[in-house]
Structure formats: structure tokens, C-alpha cells
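The following pair of complexes shares a single chain, chain A, combined with chain B in the former and chain C in the latter.
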Partner chain A sequence: MRPRRYFRLIMLLAGASVSAQLEYRVNFLVNVASSILASGGALFGLSILFSDGQRVGGWTYREAIVVVGLFTLVEGFIATFLQPNLSRVSEAVRTGTMDFTLLKPIDSQFLVSAREVNIFRLSDILIGLGLMLWAVITLHSATPWGVALGIVLILAGLVIVYAIWFILTTTAFWFVNIENLTELFHGLFGAGQFPVTAFPGWTRIVFSFVVPVAFITTVPAEAFIGRADPARAVGAAAIALFLFFVARWFWKFAVRSYTSASS
Partner chain B sequence: MPVPLLTDSAMRTSENQLTSMTADPSITVTVRDLRKHYTVHEKEPGIRGSLRSFVRRNSRQVHAVDGVSFDLEAGEMVGFLGPNGAGKTTTLKMLAGLLHPSGGQVRIGPYTPKERRTGFLKLITLVMGQKQQLIWDLPAYDSFLVNQAIYEVPDDQFKATMHEFIETLELEQIVKKQVRKLSLGERMKCELAAAPLHRPRVLFLDEPTIGLDVNMQVRIREFVADYNRRYNATVMLTSHYMADVTALCNRIIVIDKGRIIFDGDLSRLVEQTAPAKIIRLQLSTPVTVEHLASYGHVHSFDGLNVELKVPRAETTRIAARLLAELPVADVTIEDPPIEEIIGQMFSQMRAEQRDQAAAGEPASVA
Partner chain C sequence: MIRHAARKARVLFTVWFAHMLVYRAEIIIWMLSGSIPLIMMAVWIGKASSSGGSVGGFTAATFAAYFLAVWLTNQCIVAWAAWELDRLVREGLLSPRLLRPLDPIWNELAAHVTEKVLRIPLMIAILFVGVHLVPGTQLTPDIPHVLAYTVCVGFAFGIRFLLSYCTGLLSFWTTQATAIDELYYVVAGFLTGAFAPLSLYPASVRAVIDWLPFPYIVYYPVQVLNGNLAGGGILRVLAVQALWLSVLILIRGMLWRRGLRQYGAVGA
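Entry: the complex of A and B
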């Protein structure tokens, strides 16, 4: 009963969001072009880095392409599902329409997270998937178990990204304008297009535990190319769960203080 | 601006009597000693002030709502009036569960609003004339469908409600156009239809007619009256337009600086504090002020446009005389704007306080 209601609502909201975007057609072409250019740029960067046939941080060029593919996929996920919803949160706080969300008899976190889908950025997800598949298949090192684990780890990575992004968004209740914060996240997340082992020691710790970028791209990529590290896989799942609950708690806390303080 | 409304008031009286007969005692609103205090940050003007407040914020306690108590019966329509910043919106938000009170209690039916339980949220709705919930790029009907899903309204009930709202608000041509292409009035009608789709029993309307023309205001009033009658819904309405309140509400609550200063019958308030009506004349040839002054107090005058203030009881007689004796092109009769009535109420209050302080001194009531 309950899950069906939420599923129906997701479809309805997505449908509404998509039809709203179809009002602006040129946007689509611009977005496809920009995501092709972006992943092309990343590949070019990698090819220079690996041009003398060396390994960087233990990764070959082809293996690193799996990371780039994953990175593009996650970026597409952010642009398609997170960015359009969560940028509306700060707008809703600023203009006061958050009140309407809080008056609805439904989980408010669900409602602010599921409202919009930017279909024009689905192309990023497809390009990322294609890149990753091509690299994994031509590498010949993938195992069925590794691929299955990789898929689970991608999901964990997406949960991590959602949670971090959502926590940053929730600060809009106090800071109102949070564009700079999400820019900061984008800057740090940019590190995810390279295997984390390519970075010097201390930054690796930052990217694993401060901003868990490593768990979003490098760890699933390792599983796909048959080099899964069980400890890191368990770590990714644990971090995903932990961050999800932190995000949930933080949202409830923010709503409570919004309703008890604002005018 | 204020709207002449003489005929509606007779209609609404009979409507309200009808609803009170079928009243359902279960959904009552009880407010006791409600308070909301919050801290505001102040900033001096200019870049210097901005920098200073960036470093160290100057804060001050504001008592937005300061001990408000009242009861609403099921099906009652109440006008909630007061100057800007009096605490009307803050009170409504606390009743809707959007703000936690700093003190006091609110009960709506079996619920405490601040807990925002599903049952409570399905029981109420809040319309804010200044904010919109409709999806901007899509026809309003899409937003209605989203609300249907969120409130879990069964399909047949949704269709029936929709049919009824489309008819009363004359929405047929409007619901299929993108919201961004609608006029302000059309959009407001759609907003108003979206809010009570789940058939709530308590409606909070915060300035639902703001910025709308007279026709649109009348249509929206009719819709609210109709909804109230059909579902025996309790309505609490704030508005700057006297006509909204006179058309819909028998009872009004006036609030100032977070406190209730009047709670009772509308006609009593108007007769008590505004014993005058305004006759607005458009003349075809100029008349002297002295001549006009023999009919009543000249409120404003610029050659051809005249505003006369006359005693309420004599309005009809004076209007007839004016029409017979002066070159009148157009005439309207109206109550003074609500701000004026309330302003007068305040100056009377202050005068009374002064009188009590220094007995014998003559009080000047404008």
C-alpha cells in the first residue's frame, strides 16, 4: 500500500517535471553537447597522463577509463536527479514556498527529493555507462562476482552522493543561499574522475573519509576490473548507510528549527 | 481598493444561519494564550552597516503574537483583521502547524497543529495570496493531480470536487493553460482550487484576493462561501479588503501588536467605530466646497471628484438629495476602508486611555 503510493507519486512528479522541460526544447541539444564535451575532455586529460604507457597509482589507461565512466555516470545522476530538486530547496526557503511542502501529508524529505527529473542530463548517465562498459569488456579482467559487487557499490556510491548533497542542501534553512556550498562539493567531487590511488597519501585519506569521493568512483571501479578489496566494499556500504541516516536526521532537525524559529 | 457592497451582505447572513444549523461539533478550533516571540537581526543601511552586521549581529526580541485566545465553531467564518505586522500571518501559521508557538495552546479537532500529523494535515489547508504552489510551466490541472496523489484522494471524489470547483470558479478555459501564461487573477483562482482539493474542514486564507480586480474578488468570495456551505468548513480569513470580510464573515477578530483588541460581531464594530459612510461623487460641473459642506464632511475634493463623509443612518437620504440637487455624473457609496476603521478604533482606544489618565480633558476623536 505505502510503497505503491510513493511509486505512483514518483511517476506522476517525474511525468510533470518532464513535460515541463519539454516546453524548452533547445535545452536538450545544449545538454547533450555539453556532456559529450565534458567526458571527451576527461579522456583527453587521462591520455596525456598515461601517454608514455606508464601506470599511474597502479592503474593502466584502460582501467582508469572505468573510473572516468563511473564519474560521468555519477555526475549525470547528480545533474538528473539531485541538482534540480535540491536547488529548489534553497529557493523554496527564500521565497517561503517551503511552507506548502511542510503542509503536505507526506514525508517532506521524499517530496523535496523526488519532485524534479532533469531528463536532458540522462545523456550523461548513458555516456558514463557506455564508457564504463566498453572499458570493462575490453579489459577482459571482469568476473561475474566482481560485476555484481560493482553494481551494489555503485548504488552505495549514489546513496553517498545523495546524502552528502542533501546534507549540504539542508543547510539552506540557515544560510538560505547555498550555491557556493554546492560549488565546493563539485570542486572536491572533481577529484573522483581519477583513481584515488593516483593522489598522494594524505589526500587519499581526505577523499576516503572526509569527502568519501573514493567510495563513489574508485571502489566500484576496482570491483568491475576484478580487483575488489572486500574491506573497502564493506566500508562503502557502511558509509552509505551512515550518511543516509545522518542526512535524514539533519533534515528533521532543520525542519524542526525552521518551524520553531522563523517568522 | 474598497468595493461597494450592499447586496451581498443580506445574502451571506442567510447562508451563515444555514451552516450553523448543520454544524458538526467535532472540529472546533481552540486557541489559548498563544504566543510567538522571536529574535530579529537588525542592519543599519549602507555597506558600512552591512559589514558591521556581518561581523556582529544586532538582535532584538519581537513579540509577534502576545497572548491570543479565541474559539471557532465548526462552520464558522471569521475575518481576521489588523494592520501590517500585527501578527495575523504568524497566528495563521501557528494554527496551520508551520510555526511552533513560544507559549500557549492550539487545538484543532483532536489535533495539536505543531505535531503536523497526517490526519491533521488532511483536515486543513492554507492559502497564501502572496505565494504559489502550482507548477509554473504546466497547466494547473497537473498540479491538481499531484495534490490528489499526495492527499490520497480517491478518483471519483477527485472528479466530483474538480467538477464542482471548475464550475464555481469558472475554470474550464483556464486549467489546461500553462500557469505561467495565466493572469494574476486566473492564477489565484487555480491556487484557490488546488488548496481544498482534499476537502479540508478548516481553511486558513491569508490575503486570498490581494491584487485582484473587483470581479475576481467577488468570484473568490462566492467560492469560499460555497465551500463553507457545502462542507460546513471553518474559515479564517485575513484580508485588506473590507468587502471580503463583510461579504463572508459575521464575526471578526481584530489584532494589533500581537494582541486581540476586538472579537465580535462585524456590524457592531463598523457601527461603533465607523459611524460614517463615504459617498464618492463625480460631478459634471464644478461646485464650491462650501456648498458641498452643507451635505456632509468633505473628505477630499478636487473640482469634479468629491468624497463626502456622512452619518451612516442618513446615507440614503443625503445621497438622494445629492442626486436631485447637484450635477452628479456618477455616485458610489461605501464603508470607509478597513485600515481607516481600525485606525479610528486605535485612536478611540488611545483617547479613552488618555481620558482615564487625565480625567476632564476633552478627547479628540478624528
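Entry: the complex of A and C
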């Protein structure tokens, strides 16, 4: 691994991808409209949930907005970086063009993960950051340490999302006919727009440990509003590392059993 | 005339049934991915149990009945006609379809309807589990309400299908038709009642939303199934749905005629 070479590659690939997309500038307007409507809708839905002025799962309305902001940010991360790349893996395996990726003298996991950037969906990331900043600043409960920890936890959350998405994508090497397995995670991730404590009984356990949605949005949000729980912060980092290595191992295992299409 | 139509319908349905059977695994994944109503069900039940058993007149059991019905209705009204039309126009595949002695909308309708038939087994399984998870959940009071719901949800599907089809016809003029159709899913959460029962909305917001087609796609059919509407109320819902359907049929006809004049197939 030579970091400088990979950094240069990222720049080249992103540059090519961006210049191809700039041909479709109307896209940008539709995407911005959709981002604004989506977060407006999420905030409206939240205001109905909180309309009786009671806390939900121990969170106030303003605090829950931090979670919505993080959720929007992660959705933007998925749409900008994950979906445009990983949705192609299944087709590449089916048609055999995965050969070209594997033959290149760079890490194949890196190449299938970093080829495209959907810049038009950066709007989600910006809106998510904006919502978070606004809620955190007006809450006055943030501490410098909390914010620093929160940033680390966001990164851990993104690694968790990437790893889960990548593991589901890698199954394409065996389930050639199933293109949309990642939709299963995407469907459950919708739970991430609420603090995990809003869920009753066993569903809370499902969203913490079976599908670690809680560690992607709730745990970083707790750090930002100055309520960080050290045990859960360490847990988030451990889950992120563990899933990343599982994803790495699974990819290598899948590539070894790949026999190309046809003949 | 009618015999010909019946034969065409039979052929379309047989072909699409075989086609959709190949995609049965995909259909299950799509069904499970539309889980927002179930997530909202958990959140609202959590809220009801932490505030003494009920919120705005809803208990855990009535929330479960509402959101399970929303989930069921969402499953019945799924439409991807815009996506299909965008592909047909962009890749020029529409040209051979135009040679058939049949408006392409019937082909699309047959595809959508057969796909719904394959959703039925998992629908029943999930509703069964859902009703038994929350004690006291009563999805519907009696058979007449189920029958009324069947008609209502058929109309609702018609509205959503035509909305998607009309958006898809915009691909004669723009490459953004699918992106515009995606906006439906963005606004559906709060306009159709998947986020919260519309009766919990502020009256001013409610007054605006009721003038749109969206509540008639999910919220009102759900009210019929749950038994919150009786004879006159059900008829009113059906009348408004029929009105929206006729408006959309007119728009579809106009867009189709103008679009065809605009259409220059790839390679033509």
C-alpha cells in the first residue's frame, strides 16, 4: 500500500466522475429540491411526534434534530459514495467485466469502492451538517471534548455503513440474480432518524446489535449534545473495526472463488 | 371486440406472470425494504406506552392496526411505470411497442398487477405476525370493510400508477423523469400518512393536504380497512378517488398524444 499513489488515484477517479456528471446540470436542481423536501418532511414528522411537548425516549425535540441531521448526513454519504460504486458490482460479476477490475495493479476493493462520486447528492451531506450544527449550537450543551468525540464517532458510523453495504454487495459473487440486497439494510436504516431509545422493547435491541443503526446516528449525536457514554463510544469504534475487517476478509474470500462469467 | 380484448389480457398476464416469477427473490427484497410504516409503528407504540397508554386517542393496538394497514396499502400501490417509460424512450425500445395493436399502457398495467399477485403470500405472513406481536390489534372489523377496502385500494393503485405513468411520459421532453418520480417517495412519508396518522396533524396542514391526491392513495383506504369510516364516508372517498382518476386519465391522454409527436426514436 502506497498512500500517496492511492490518494492521487482517488483525485483522478473523482475528477473524471465529476466532469462526466457536470453534463447533467439539471440533475442538481432536482436533487437539491429532493434533499430539501426530504429533510423538511423528516422535521415535520418529528414535530408531530413531539407535538405534546413530552420527551421521546429521553430526548427533546431539539436534541432529536441532531439525530435527524446525522441521519441525513449518512444518507448523503450512501448516495454520494456507496450507491454509485457498489451498485455496479453485481452487474460486473454477472457480465464478467469484474475481470478488468481484478487485473489492474491496484487493490480491487479500493477500485470497486472509489470509482465514482455522485456529487449532486453532496446536497444531503451539507443539509445534514447544517441541521446538526444549528441544533447543537442552539442547545448550548456541547463541550469541546464531546464535539471532538462526536466527529470520531461519525467516522466510525460511516465505516460501519460502508462495511455492511460492502458485505451485502459482495454476496453478488454467489447470488448473481439478486441485485438489491443492500435495499434490505437501507430499509432498516430508516430507523436511524430516531434516537434508538424511542423504540420499545426488543426492537431497541434489534437496532443496537442485530443491525447496529444506533451506533451510526444515536451514539455520535449523544456525544454532540454532551451526553457521551464512554462504553457506547468504545463499542461503536470496536464494531466499526470488526465490521471493516470482516468486509475485507469476505471480499478476498469472494474474489478467490470468482470464476468469471461464461465458458 | 370483447373476445379480442380478453385474449390480449390473458396473453399479457401469462407472459408477465412467468416474467415476475423469475424475479421472486427481488420482489421479496423490495417488499421488505419498504419498512418505514413498520418503523413508525414501533416509534408510536413506544410513545404511547411511555405516556400512559395512549397518544391523541391512539393506543398501542390502534397504532398497530393503522401502521400495518399503511404497510399493506403501500405494498399494493407500488408503481415503477416512470422508470420503465424513461428506459423505453431513452433506449428507443418504445418503437417496437408502438407497432403492437395495443396502447403500451396496458402492457405496463399488466406487469404491475401480476407483480402485486406475487406479493400476496408475504403480505399475509407479515400481517399475521404483526397482528399477533401487539396484543389486541384489530386490523379490520368485518368482511364488508375488507371488500370496500379492496375497491378503495384498487382505485388508490390506479392513482399512484397514473401519477408515475404521467411522470414517465415527461421523458419525451426531459431526462429527469425518474428523478421527478422519486420525489413521490420523498413527500409520501408525510403527505400519505406513513409517518403519522393524518388525524394527529395540525388542522391547518390537514386542510391543505386533503386537497391533494396523496391522502387518497394511502390514508383514506387505511381508514376504510380499519373500520373508521362507514357507508357515506366510504362513498365519499371512492368519489374523490374516481375524480382524481379521471383527471389523471385525461392528463395521461394529453401527454401521450403530444409526446408521440415529440418522439424521435434512437436510431430512427
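Simple rule for what comes next: the second predicted complex is superposed on the first by the 253 of 263 C-alpha atoms of A that agree within 3 Å, B and C clash if a C-alpha of one lies under 4 Å from a C-alpha of the other, contacts with A are read in each partner's own complex, and residues count from 1 in each chain.
Methods note: contacts are C-beta pairs under 8 Å (C-beta built on N, C-alpha and C of every residue); 3 or more make two chains touch, one makes a residue touch a chain.
All of these numbers come straight from a predicted model, not from anything done at the bench.
**Q** Applying the document's definition of touch, where does A:234 land relative to chain B and chain C: first, second, both, or neither?
**A** neither
**Q** Could you look at A:133 and tell me whether it touches chain B, chain C, both or neither (first, second, both, neither)?
**A** neither
**Q** Which partner chains sit in contact with A:187 here, chain B, chain C, both or neither? Use first/second/both/neither.
**A** Touch status of A:187: second partner only.
**Q** Just to be sure I read the superposition right, which of the two partners does A:176 touch: chain B = first, chain C = second, or both, or neither?
**A** In the superposition, A:176 touches no partner, neither chain B nor chain C.
**Q** More residues of chain A are touched by which chain, chain B or chain C?
**A** Looking at chain A, the partner in contact with more of its residues is C.
**Q** Figure out whether A:205 sits in contact with chain B (first) or chain C (second), or with both, or with neither.
**A** Touch status of A:205: no partner.
**Q** Going by the contact rule set out at the top, does A:151 touch chain B (first), chain C (second), both, or neither?
**A** neither
**Q** Is A:99 touching anything from chain B or chain C once the two structures are fitted on A? First, second, both or neither.
**A** first
**Q** Enumerate the residues of chain A that count as touching chain B in its complex and touching chain C in the other.
**A** Residues common to the chain A contacts of chain C and of chain B do not exist here, since the sets are disjoint.
**Q** Give the list of chain A residues in touch with chain B in this complex.
**A** It is residues 5, 8-9, 12-13, 16, 19-21, 23, 95-97, 99-100, 102-106, 111, 259-263 of chain A that touch chain B.
**Q** Of all residues in chain C, which touch chain A in the complex?
**A** Interface residues on the chain C side: 25-26, 29-30, 32-36, 39, 42-47, 49-51, 55-56, 174-176, 179-180, 182-183, 186-187, 189-190, 195-196, 200-202.
**Q** Show which residues of chain A lie in contact with chain C when the two form their complex.
**A** Touching chain C: residues 24, 26-27, 30-31, 33-34, 37-38, 41-42, 44-45, 48-49, 51-52, 54, 56-57, 175, 177-181, 183-184, 186-188, 190-191, 194, 198-200, 203 of chain A.
**Q** Given the complex with chain A, which residues does chain B contribute to the contact?
**A** That would be residues 36, 38, 40, 62, 64, 90, 93, 96-100, 114, 116, 118, 121-122, 124-126, 128, 131-133, 135-138, 142-143, 145-146, 149-152, 178 of chain B.
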